[in-house]
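Here chain A shows up in two complexes: once beside chain B, once beside chain C.
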Partner chain A sequence: MSTDLPEWLLARQEPFQHGDGIAGGKSIRRGFVEKSVDSMSLVFRESFFAERLASRPGLLQGIDPRVKVLTTILLIIVAGLARHPTTLLALNLWILWVAKVSRVPLPMYLKRVWLAAPLFTGIIVFPSIFNVVYPGDPLLILINFSRHFRLGPWTVPETLAVTYQGVWGALVLILRVGASVSLAVLLALTTRWQVLLKALNMVFVPQVFIVMLEMSCRYIYLFLQTTSEMFVARRSRTVSRTSTQEQRCFVSGSIGALWNKAYILSGEIHAAMVSRGYTGTPKTLVSFQISRLDWLWSLFVLAVSLFFLGGDRIVAW
Partner chain B sequence: MPGEILFELKDVCYHYPGGEEALSDINLSIRQGEKVALIGANGCGKSTLLNVLDGLLFPQKGSISSFGLILDEKNISKKDFNFAFRRRVGFVFQNCDAQLFNSSVWEEIAFGLVQLGLDTREVKRRVEDVMSMLGIGHLKDRPPFRLSGGEKKKVAIASVLSMNPEVILLDEPANNLDPRTQSWMIKLVKQLNHAGKTLVTTTHNLDIIEEIADRVVVFSEDHRIAAVGKPKEILDKRELLQQVNLVDEQFHRHIRDDLHRHYHSHN
Partner chain C sequence: MHIPDGYLSPQTCAVMGAVMLPVWAAAAKKVNNVQKTKYAPLMAIGAAFTFVIMMFNIPVPDGTTAHAVGGGLLAIVLGPWAACISITIALAVQALLFGDGGILAFGANTFNMALLLPFSAYYTYRLIAGNSEAASSRRWLGGLAGGYIGVNLAALAAAVEFGLQPVLFHAADGAALYCPYPLSMAVPAMALAHLSIAGPVEGVITALAIRYLQERNAGILSVEASSSPLEGHSYKKLMRGLGMLILLSPLGLLAKGTAWGEWAAGEIEAKMGFIPGGMSSLAERWQAPLPDYGLPGFEHNLLQSSTVYIVSAIIGLGIIFAITYIFSLVQKKTTPDKT
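Right after this comes the complex of A and B.
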């Protein structure tokens, strides 16, 4: 090792001139790929490690995660059994109220649930509202063919119409999915990720699965972090703007390095686990602590469930 | 003061799969109650040796025994021996990212205790104690991999201390620590040793080895043991330290007074 600096390292850069300033030249923008990696890691962090919401003082935050998991399952079953849109609408409103008293910001919550759920369910149930797919009483006649005709094995009715039963069914399904999704989102938003995993384990999900989930979550986080760090490291050494093409090359080239890192890291992690007595069957701490609030909440949810199911019977017949 | 032999290595050679030799002909014994420091240039095999001592890597040649039993893959896979060994030997890894694999600091510190099958009350008590001792109580719900380098190191140390091991292997424990925490670390090593623990520490910081060791093992760059001796003797052998590429010619030793010695290099 020597510290004799080569000649080029001894040369000084020309002094900073005004021309080098902000006014001149195109600005170096971060490319598409880099931005995607960054926002991926941001989304991941936000959705899995968001502890802000889970630590706010609210109704659901104060309830034992296992109780929360069980009551959520119960309510999802209620949503599945309800057959009348009115019941489901009321259930949805009730869930919204629960979200509100749990201090979940409603605009964000509504966007999360009601943007995706109706869209995807809607696509699935859309064909079933037409009498061609599912016969029923016409609600709105779109085209009148004025006679039957056959199309291969199909008999096409004389009118193309939206049916009463079809719309009814679609509405019920969308409201059902909406209620179930909002319950699940609410559970996830008000519970810390690692606690939620533990709770799932207590309820029915096997331990091995939980451990795997936990580890993969950690790895993904580490990966995204490493990748964005590699980008930052590269940016600090990049003088001019890079094209998307170049960024893609960089990513595909560094994936190899990333894999190697991952492989070595997983070996080291395993060694660290073995060193602290891990023998292959994961053990975790079990500590039950059900408070009065948990009992109250369970009773409340039970009452609400009976109320909705009973109400459903009454309005349906 | 040192008691019975805890580890005995005879002609140990280790090479990583597909790699060159990382340890060559290591003969070493470590006794109960000793403080041993491993020093040597980067890549000389210090971390590898600690892995061998912890029963994580097994030498291709030579033999190692611990607590009077042969430490090999066959024996360590036996449940009773594994349990007894893991409870007695703790290892703080050089790479904290590898060591911290749980989803919260609290769980991280509890992990070893849970594996050993301690009951919940005892686990809680120990975790709380260790956290307050290291001043990391406020981090308890945070995921360890999102902490600063020094905080990670503290959690890693806590996760090993909570198991109350008899032998503690520390791979560069002072790395990443701020000066105050570093001197706290040195004090901790001394106190643990006072309490009868055996400590094996690797370090690059020659300033601290007199405090953390009563025996120093010097590795040469060809992965062999170049010398073993008392810290003072080793530090006085400048040619030896130069020969193993640990220091350069400018390195010298200031003696400001009898109590405070200080090593560094000048240009």
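Right after this comes the complex of A and C.
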């Protein structure tokens, strides 16, 4: 790409990276303002990304959103009921295949699903593979103390070992969390969010809740922008280090200020709705059409669920 | 505190969802009666507010940051029923659009964060603040205690939900199927983190936000008191119903046995005293082409039969992958390419 723009304008720059925490010669550490602004901008990035992906042609994008919501819930239940790592591994592979034929960019998808959720689960579940925490048959003996001894209320067993049951349970949990998270992420990535919320009507969510969901989604963006601006304004006026207490006061002040604004805004929205004829029962335009392909897909997912659950029951016993 | 899918068994999730249904219905009715047409916009804005608050990084003394839920503050300014609806909506947005907190575990998450947290925070606040002036220091002290107690109760509930899993569900050899930690480990671990960090953060943030509101816009603190949806006859009835449900729910958790309606002929006989005629004749007539996924004449030894299982599974998987691909091809044909 050749442009006449100067080099420094094209260079990618993270906001606030320079100068932060340099005072006192210490290493750079991101403060609470930067972290908050970052996580807020991530919401915008994700929603733009999902919107773009949802309008691409692909397998899941073409399925009726109501069918997609129901089949996703069914598959998450299947993942919840499966008890064998092999079943869960196969299920995960199939979900990956569905993502691939739905043209979801795999590196980003894998990073989002298989880096965050299972890593976190792995850390939580790690202690349970040892016999000190979760009793079971030893698989790998690490230390042999050669006798029992007591440590306060705990009795430490003769050996410290990795147990068969512990590893098995950890594997099942990680694979199951991975499958559930990937199904939820796929649903959100391949459906336009406004449409997804409307589709909830199908799973017996009352209309008024759906209207509130849609409204709150819209105002989340507004509030995120408002708070980002508050934070950036504050950050740009801060020249020295601030105490933790001062920072907490600023954060709570922002929360209070945001609530003031939000409350006034809700009054204004209400007035605007009433003046347009709102009487308390919301009306929405919903026009979904279930095609033959959607029916076939539902039947197929049902068959897949039976296949996985049946297979699971056979290998698990 | 957002429980992802996979940690709790689907059975537990179903029970928690069933507990939440009457709560949502009652909350919707209560708030609708008080707020009338204001209801939808106020709840939606409350939800958006909660969502944004959950993204705030709060500085803690050791130099790192933590997150607050903000549910206590919302309960104090809007009342617990309204807070219940708003937090539910915020959690729904997080679960559906951001994959944060499970879809099946939604009932459990809302039970902890949209029911226990706002109600306990609100009543603690009421107990301490009483009928004091809007500018009184009892208000923010109430917020401090309310936020602290609310978050800790919610965490305790989450810990109990985790801790029940290994007791209720495990494989035949004792391997855990869901969260592996029993109550004796889950409760202390969650309590330690929440009593020492998350609880104080929530309490301090709630108290400081109330002090800010007292200074800048004290009127907003009495919004809830002037339109308290707590009076009324149906309140007691609802509480009774809820109490019943809470008492009954462990039964659902403890119920063991075969899934309803999936009895084998032998079990039916034990339950009913006889096998229905149609069923026994069907059971005899229906011979699966691959009985128990095995090929006829192949089930002589373990090695052979397990080979058959593996081969059938791989063939089955292959078919599933192929059909999925065919779906995507058909899809491509029917939808015009926009890129």
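The rule is short, and it goes like this: the second predicted complex is superposed on the first by the 211 of 317 C-alpha atoms of A that agree within 3 Å, B and C clash if a C-alpha of one lies under 4 Å from a C-alpha of the other, contacts with A are read in each partner's own complex, and residues count from 1 in each chain.
What we mean here is this: contacts are C-beta pairs under 8 Å (C-beta built on N, C-alpha and C of every residue); 3 or more make two chains touch, one makes a residue touch a chain.
Small disclaimer: the values here were computed from a predicted structure and weren't measured.
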Ask   = If you stack the two complexes on chain A, which partner ends up touching A:Met215: first (chain B), second (chain C), both, or neither?
value = both
Request  = Determine, under the contact definition given at the top, whether A:Ala161 touches first (chain B), second (chain C), both, or neither.
outcome  = neither
Request  = Please indicate which partner A:Met273 is in contact with in the superposed arrangement: first for chain B, second for chain C, both, or neither.
outcome  = both
Message = For the overlaid complexes, name the partner, chain B or chain C, with more touching residues on chain A.
response = C
Ask   = Now for A:Trp193: first (chain B), second (chain C), both, or neither, which partner does it touch?
value = both
Message = Contacts for A:Leu53 in the overlay, against chain B (first) and chain C (second): which applies, first, second, both or neither?
response = neither
Inquiry  = Once chain A of both complexes is superposed, is A:Leu265 in touch with chain B (first), chain C (second), both, or neither?
reply    = both
Ask   = Can you pull the chain A residues that chain B and chain C both touch?
value = 193, 197, 215, 217-218, 222, 265, 269, 273-274, 278-279
Inquiry  = Going by the contact rule set out above, which residues of chain A touch chain B in the complex?
reply    = 1, 3, 49, 51, 192-194, 197, 214-215, 217-218, 221-222, 265, 268-269, 271-279, 283-287
Inquiry  = If we count contacts the way the header does, which residues on chain A are in touch with chain C in the complex?
reply    = 29, 31-32, 35-36, 39-40, 43, 46-47, 50, 55-59, 61-63, 72-73, 76-77, 79-81, 83, 90, 93-94, 97-98, 101-102, 117, 121, 125, 128, 133-137, 164-166, 168-170, 172-173, 176-181, 184-185, 187-188, 193, 196-197, 200, 206, 208-209, 211-213, 215-220, 222-224, 227, 244, 247-249, 251-260, 262-263, 265-267, 269-270, 273-274, 278-280, 282, 291, 293, 296-297, 300, 304, 307, 311, 314-317
Note = chain B residues touching chain A in their complex are 51, 54, 56, 79, 82-83, 86-87, 89-91, 93, 95, 97-99, 101, 103-104, 107, 110-112, 114-117, 120, 123, 141, 143, 145-146, 159-160, 163, 248, 267
Key: chain A-facing residues of chain C, complex   = 4-7, 9-10, 13, 28, 32, 36-49, 51-53, 55-61, 63, 65, 70, 73, 77, 85, 89-90, 92-93, 95-99, 102-104, 171-181, 185, 204-205, 207-213, 216-217, 220, 223, 292-293, 309, 313, 316-317, 320-321, 323-325, 327-328, 330-332, 334-339
